[in-house]
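Accompanying notes for the structure given below.
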Amino acid sequence: LDAVMSEDDLADFLAREFPEARGISVERVTEAGLVARMAVGEGDLRPGGTISGPSIFALADVAVYLAVLSRIGPVALAVTTNATIDFMRKPAAGVDLRAEVRLLKLGRQLAVADALIYSDGQPDPVARASMTFAIPPAR
Amino acid sequence: LDAVMSEDDLADFLAREFPEARGISVERVTEAGLVARMAVGEGDLRPGGTISGPSIFALADVAVYLAVLSRIGPVALAVTTNATIDFMRKPAAGVDLRAEVRLLKLGRQLAVADALIYSDGQPDPVARASMTFAIPPAR
Amino acid sequence: LDAVMSEDDLADFLAREFPEARGISVERVTEAGLVARMAVGEGDLRPGGTISGPSIFALADVAVYLAVLSRIGPVALAVTTNATIDFMRKPAAGVDLRAEVRLLKLGRQLAVADALIYSDGQPDPVARASMTFAIPPAR
Amino acid sequence: LDAVMSEDDLADFLAREFPEARGISVERVTEAGLVARMAVGEGDLRPGGTISGPSIFALADVAVYLAVLSRIGPVALAVTTNATIDFMRKPAAGVDLRAEVRLLKLGRQLAVADALIYSDGQPDPVARASMTFAIPPAR
């Protein structure tokens, strides 16, 4: 499906509707979906320099949401109904996280996508997430 | 399995090892597992008064972790390997969240549990989570 | 939600619409959902007497489906959209499986439920499943 | 990780250890993992020509299992501990299913992979599965 929102459109939407997602940005809208990144802050860290599970979840959730919106437009009311995450490796300390999202289904009621999460510059993913979003009926 | 850590033991552990889990507390160690609660703060809210998905994830993750520790003792190195969450209803605004954890398996390598998350005082759960933790080999 | 189909209604529906689910039967419609059982046959076994993962999946899928129908009536077109299973223990050889289903949400578009699967007569569950069904729009 | 079992090795293993997986075959060991296929038989069908969920689950489970073995050798005791499937589209009637497996982690204790399942010749996946296997300690 062709993108209907550009990187700039998504950045504007994010700043306006999700001010709390500070630190997350869209790197690139791709053919498969989208690449997002998260600047890791103090609040995302756990003892030993690990990044917290909720922070990884937050990146996956926002990145998949933006990937869906990039194809269907700024539907602020789409909501996550199911999320599954496999935490596979310890993230590297002191580097950003990148999420590579792949859209798998964009139906009228449900959208499905998955994401691989990387410590920036590392070859192996730290986590894998799949998400389902419910899309509100068109008005 | 009998509990080896009390509510107070778990509160001490949480304060010492997870200062960032401020707002989460153990209400009661139960026969099935444990009940925890989270005081919802400004940072947990989304426009419209909804509680953010990452905050609900954080409560589920910490609550299940504490339920596992309540049976095996303070093993700080247990890590979440898989988490699945179904978001089912919009949380009520302005009230705490409660997590009722049910331990399903405590093996030598893996622990499995699930949790129902409620807006305090509401009869229907807002979310359901299941989690797997990897337990490090005993030394 | 009150049940609108009895054990006999569900047995009739199953025989008529799912003849391939031979071996699965409804033991009891419960307040939380439903209890179903599966007579384990030769085709369900793996070397060593274990029951195959697909057979456990089939029981969970049919049991949750019937639990949903017990509340909304015989909607043959409801379809599974997401299934998550944790396989926790080796099933006992030569005994039936029981599935205890708990309905968590019955919305207009989505139904969510989970199930614990037991080897009949054993106290600890062999598997835990959660399922989401999409319910077709009423006509 | 380099493959240590060829397509022929895997076919021999499958015939010897999983005679009940008749109908499933390895098409190709790939750099990312493996491609398997399943000849859809009468027993896999549901009314309307749909392929049953348990049959799709069985293909995903065996395909991921073989992908893991292709890298670590014929460890018959590896067991599925977690499986998550999103059913996204109705499979086409009368055609084989293909599973494209991507290995994401091969640790000492756990292996994680996901698979996209296609109706042969169709561009969009009918299902997405992720699986975790526990690998028994080396002797």
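By letter and in written order, the chains are A, B, C and D; residue numbering begins at 1 in each of them.
Everything that follows uses one rule, which is that contacts are C-beta pairs under 8 Å (C-beta built on N, C-alpha and C of every residue); 3 or more make two chains touch, one makes a residue touch a chain.
The model shown is predicted, which means the values in this text are computed figures rather than measured ones.
Interface repeat of A-B: among C-D, A-D or A-C, the matching pair is C-D, sharing over half of the residue-numbered contact pairs.
Between the chain pairs C-D and B-C, more C-beta pairs are in contact across C-D. For the pair chain B and chain D, the distance between mean C-alpha positions equals 33 Å. The mean-CA centres of chain C and chain D are about 23 angstrom from one another, to the nearest whole unit. Averaged Cα coordinates give chain B a centre that lies 27 Å from the centre of chain C. For chain B, residues touching at least two other chains, in rising order: 81-82, 84, 86, 88, 132. Viewed as a network of touching protein chains, the structure reduces to a complete graph with every chain in contact with every other. Looking at the complex, you find that chain C touches chain B at residues 84, 86, 88-89, 104-105, 107, 112, 114, 116, 124-125, 128, 130, 132.
Contacts from chain A toward chain C in the complex involve residues 81-82, 84, 109-110, 132, 134.
Contact residues on chain D toward chain C in their complex (touch as defined above): 17-18, 20, 43, 46-47, 52-55, 57-58, 61, 79-88.
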